[in-house]
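Chain nomenclature is as follows: A, B, C, D and E, assigned in order of appearance, with residue numbering initiated at 1 for each chain independently.
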Amino acid sequence: MHDSLNCLYCQFGDALSAGLLVAAVCSVLGVYVILKRAVFIGITLSEVATCGVAAAFLLGTPPFAGSLALVLGAVALLSLPFERQQIPRDALMGILFIAASALSVLLVAKSGPGLMEIDALLYGDLILTSRRELVTLLGILVPALLFFVGAFRPILYTFLDRDAARVLGIRAGLWETLYFLVLGIVIAATSQIAGALLIFCYLVVCPATALILSKRLMVVLWIAPLMAMTATFSGMLISFHADLPTNQTICIIACLLFITGAAIKQLVRFLVRLRIS
Amino acid sequence: NIVTTTSDLGSIAAAVAGDHAKVESICTGKEDPHHLQARPKYIMMARNADLWIRTGMELEIGWEMPVIDGSRNSNIRPGQPGHLDASTNIEKLDIPDAGTISRALGDVHAQGNPHYLTDPLNARLVARDIAERLAQLDPANAEAYRANAAAFQQRIDERIPEWTRAMAAFENQSIVTYHKSWIYFAKRFGMPIAIELEPKPGVPPSPAHLNQVVQTVQQQKIGVILQEPWYSKKPAQLVAGKTGARIVVAPIATGGDPAATDYFSLIDLIIQRLGGK
Amino acid sequence: MSDPIICCRDVCVAYGRNEVLHQVNLEIPRGVFLPFTGPNGAGKTTLLRAILGLIPIRHGKIITPFRQKPAGYVPQQRVIDPLYPVSARQIVAMGLHRQLRWPGPLPHSRRTAIDAALEQFGMLEHASKTFRELSGGMKQKILLARAFVAGADVIALDEPTSELDESAETEVLNHLLRLNREMGKTILMVHHDLDQVARLTNTMCRIRHGKAELIETGGSHA
Amino acid sequence: MHDSLNCLYCQFGDALSAGLLVAAVCSVLGVYVILKRAVFIGITLSEVATCGVAAAFLLGTPPFAGSLALVLGAVALLSLPFERQQIPRDALMGILFIAASALSVLLVAKSGPGLMEIDALLYGDLILTSRRELVTLLGILVPALLFFVGAFRPILYTFLDRDAARVLGIRAGLWETLYFLVLGIVIAATSQIAGALLIFCYLVVCPATALILSKRLMVVLWIAPLMAMTATFSGMLISFHADLPTNQTICIIACLLFITGAAIKQLVRFLVRLRIS
Amino acid sequence: MSDPIICCRDVCVAYGRNEVLHQVNLEIPRGVFLPFTGPNGAGKTTLLRAILGLIPIRHGKIITPFRQKPAGYVPQQRVIDPLYPVSARQIVAMGLHRQLRWPGPLPHSRRTAIDAALEQFGMLEHASKTFRELSGGMKQKILLARAFVAGADVIALDEPTSELDESAETEVLNHLLRLNREMGKTILMVHHDLDQVARLTNTMCRIRHGKAELIETGGSHA
């Protein structure tokens, strides 16, 4: 008997679809986030977005314009080629994070509405996804995924071996900037709908699991979204039935999958060692 | 089914509804109602609610509308009979003048201070409003609701002299609070609030502000610093260290302390703590 | 020989205050086998990378045909980020980038080209290893295969045989000679072994004291 | 005329000393944090500490024991040698961050006090530093600095070229673990007193500025603390006179110093280029 | 010759499933000049690193004197994190670690030792450059200086001359010979040029098919 009250899909169909979509796309993009060592870009950009809203309130401009402007600015800075710089990319990311958090508080301290109001504006939670937001997500994530699939080779080659890529006639700077741009837009949009922590999780935990499990990029790019979708589905189911906050449950499931993956990996290593000697 | 946003409202609504309705509250009293992590259960609660009661005045600005939207329960949308804003008939304090409510001088509590349930007489009003609304939604039990509300009001009336007596020592004795969450309580018991430790919600106190607090405490010979458990005690300790004032930590919502099981025990507890017991 | 394929005019290259190349004038004829020689730190790598457009020049002008047809390139430092889960075969496939407009599996003709390039250096059996699982010489072989696979007109190699064993070294040098003689490819190769250089060709580019000049190798080569 | 009310030192002498001390030590340790690409270790460990307190509440153990245990566990994980792993160190750091944040919420959701209350326990603000905390800081930071100065060479060599260091008889694993251990303790202790964001700032912004300005490690190790102390002093002064939150002001000053440093660097580069050609 | 200084018994080394060395038995006499030869990917680097204790062995035992007196080591891959603001001189100073118990400026005797090592490779004028500002050959020279500066008894070099120019290569090989003949140092050197090897010594260690064996070089060397 189908008891619709106890059926996750009947009750939270939109949230479920949104979750699976976001999980799939973000975890694919996340493989490159890890390889490019830009792991904390998710929370950095959400701090920057908060700061943008605070600034927009102060200037009286529309809040989302402010947050978009600052996020794009941050992304532009981060897409600079760091190969020849004296500090690594993540140091700049850390500085952006600090500057954004501190500036938000200062902006709020001197004027504008409170931090709560800003947080409320940027607050997202997967379970609260509405039909309209689902459509927005589709409108952003599907083109992002298409971009990524289409530009797969030039982006991979640029990241893998920038010099060789440039000799091959690949416009490395352009692709790098485009990649970070798309990533920035995806993060900004999805964080606001599904929650910053959850997006961070999709961008990092699931790709990391995939990278541990396989040494083949193609396999990694398939495992990562599968992991993310599994975590999303089971996380939503568990949070539904055990009355837990959804986003955090999904994050924990993803982390458990990571731990399982790492354990399997170690086990396989151990077995191989045993069999050989 | 009645769903309230905060546990105080829950406690009052339960008293009014008696056996005729099930009352659930979203916040337990341990969370700050400004910051809430959505769970599927909240949406299920909203979905099955016949009456939704909120504190209003932007206290739940962060999550209320997403939860209602997510529930797709059109009966409890603002403006519907199933939606009750408990602040409707409250005499609101701290409303910024129309002139100064510009973005530049903006304030978190743009519609006034929403922490009005700390005044028992406001609870009295809210009980009446709830009873009227329930009577409208469920005419069959209208009399029962009105009777329950009257009983609740009577209990308040009985306790007021007792509370006032207990608070007599504080009459015209200024206190310091952390957040602007005690103004209704203070006003009721004739206890002026000299200054808040937090210059603005979410903004840490600046050195100049701390100095000002210390000076105020010294000048006005203030003996008590009152705050909720979810704020750090450090600023209060600093001031107390310099002035010898006493720090009182008291819950502001039902359920915020194991002893605060309902609205009456909450007020009892606050007064007890203030009295130094 | 025919008109120059690469032309440097008054080229200055500097890192910060350290000017490594000073007013270099160089005309490299099409179809030449040109070793670059000179002591360590003379600026051979710098010149090669400047020609390939990998480092900005302070001054002067470099004319190359690489916009139309990219060069093949074997860098001196065999560093590919070890984190990337990318097989040796995929690195060789990178050389075919121009011919692989679309994502997805490689077309058959490309696969055979890649396999042939791998085979030539005896790397076919190691093709599925990732870069960090290869030994130093094997890394060099993979980068050689990547430079050769697309059949570029100009191939620039920076000490391409430094870590190869003797037979592989001979094989690579002979292959380069064949490419040069039979297919008319232009080969620019930084190399330290002057005896070998003399055996391969009779002109070389000597880089010294910030200058580059074409000189006779003085070798037995006719 | 010395007006003690307007004198930062008279009013907040302990805070000023604590700030200068923390600034000096953390920015020296931070040089290695950046070079080791562990930039976000500051906020990761403070998330982990929160989670530890939440777990301790659940288990009924003393809260700080819980947070210390988890922080040490996280540090142990992070000091694993990542040179041969398939994911970089910061990916694991990201995973720890996510797991800790999500777990805190879940732990709190089911029982114990609210998350805000835990945050309040771990809240730190430089300006609120008491004499006792200053002593604690001295007790932790002076040994930490001595350790770092004493073990300077083995740690540098281990980080610079692990294999060569091992051949030279340096116990690379030991030094790496010790370094992260000291760092973890310093971060946990100072964050709680001076605030997590500020410590993050000292660990990242000032060392990054120093790294941009000089190519000599010794100079970097002197510039970084000087920068940090300058930022602290002027930040406190400004926050005192302009009535701004102290921590955030210091962070912004440090960021401004970074921007100035980067600009000077670019200018010098440009001038050199001009003079040569 | 005297008793063995390094002794491998039944040593197996594997990366995952790929067993690179299988039951290697090797006794390296004290004071020998021992080139390691073999094709690319044979396991030369693996064996050297196993002897130095840098990679775990699956099976067997390796006895070395490196606990008491560390070896000098020139790795094949010249990778030092380019981010570190550390000068070439400081990298050479690293070799003296055992003698530098305390932080602070170097004592005078150490400074002269470092300068001498730098001078020997003509790197004195480049001593204040950071590692990433050096050319490939210069990097190799710095790592050589680091390995020599402490006067280790055993020096293990992995293709130490691969990117040196001809004069530097001769200089390094001669220096190694002097160290070996005059000071009795044990030299383990991976090298690909068999002619040079034959000129240097009459025993070499050939690594092939997972085995290592000491054989005659068949060279003219007496």
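Throughout what follows, a residue touches a chain if its C-beta (ideal position, glycine included) is under 8 Å from a C-beta of that chain, and two chains touch if they have at least 3 such contacts.
Worth saying up front: this structure is predicted, and the values here are computed from it rather than measured.
Shared contact partners of chain D and chain E, listed by label, are A, C.
Summarising the inter-chain layout, the chain whose CA centre lies farthest from the centre of chain A is E.
Chain pair with the larger contact count among B-D and A-E is B-D, by C-beta pairs in contact. Note: the chain lying farthest from chain D is C, by mean C-alpha position. One simple way to say how far apart two chains are is to compare their mean CA positions; for chain A and chain C this gives 39 Å. Note on chain placement: the centre of chain C and the centre of chain D lie 46 Å apart, centres being C-alpha means. In terms of their C-alpha centroids, the spacing between chain A and chain D amounts to 25 Å.
Remark: chain B and chain C have CA centroids separated by 75 Å (rounded to whole angstrom).
Residues of chain C in contact with two or more other chains: 83, 85.
Each of residues 35, 37, 39, 199, 203-204, 206 in chain B touches at least two other chains. Shared interface positions of chain D, i.e. residues touching 2 or more other chains, are given as 86-88, 105, 109, 211, 215, 244-245, 247-248. The set of touching chain pairs reads A-B, A-C, A-D, A-E, B-D, C-D, C-E, D-E, using the touch definition from the header.
Chain E contributes residues 15, 38-41, 45, 76-79, 126, 133-138, 141, 159, 162-169, 192-194 to its touches with chain C in the complex.
Note for the complex: chain D touches chain A at residues 34, 37, 39-40, 43, 86-88, 90-95, 97-99, 101-103, 105-106, 109-110, 197, 200-201, 204-205, 208, 211-212, 215, 244-245, 247-249, 251-252, 254-255, 258.
The residues of chain A lying in touch with chain B in their complex are 11-12, 15, 57-58, 60, 105, 108-109, 111-117, 119-120, 123, 125, 127-130, 236, 239-240, 243-248.
Listing the residues of chain E that touch chain D in their complex gives 49, 52-54, 66-67, 70-73, 75, 80-81, 83-87, 90-91, 94-95, 97-98, 100, 103, 130, 146, 156. The touching residues of chain D, when paired with chain E in their complex, are 35, 149-150, 152-154, 156-157, 159-161, 163-170, 211, 214-217, 220.
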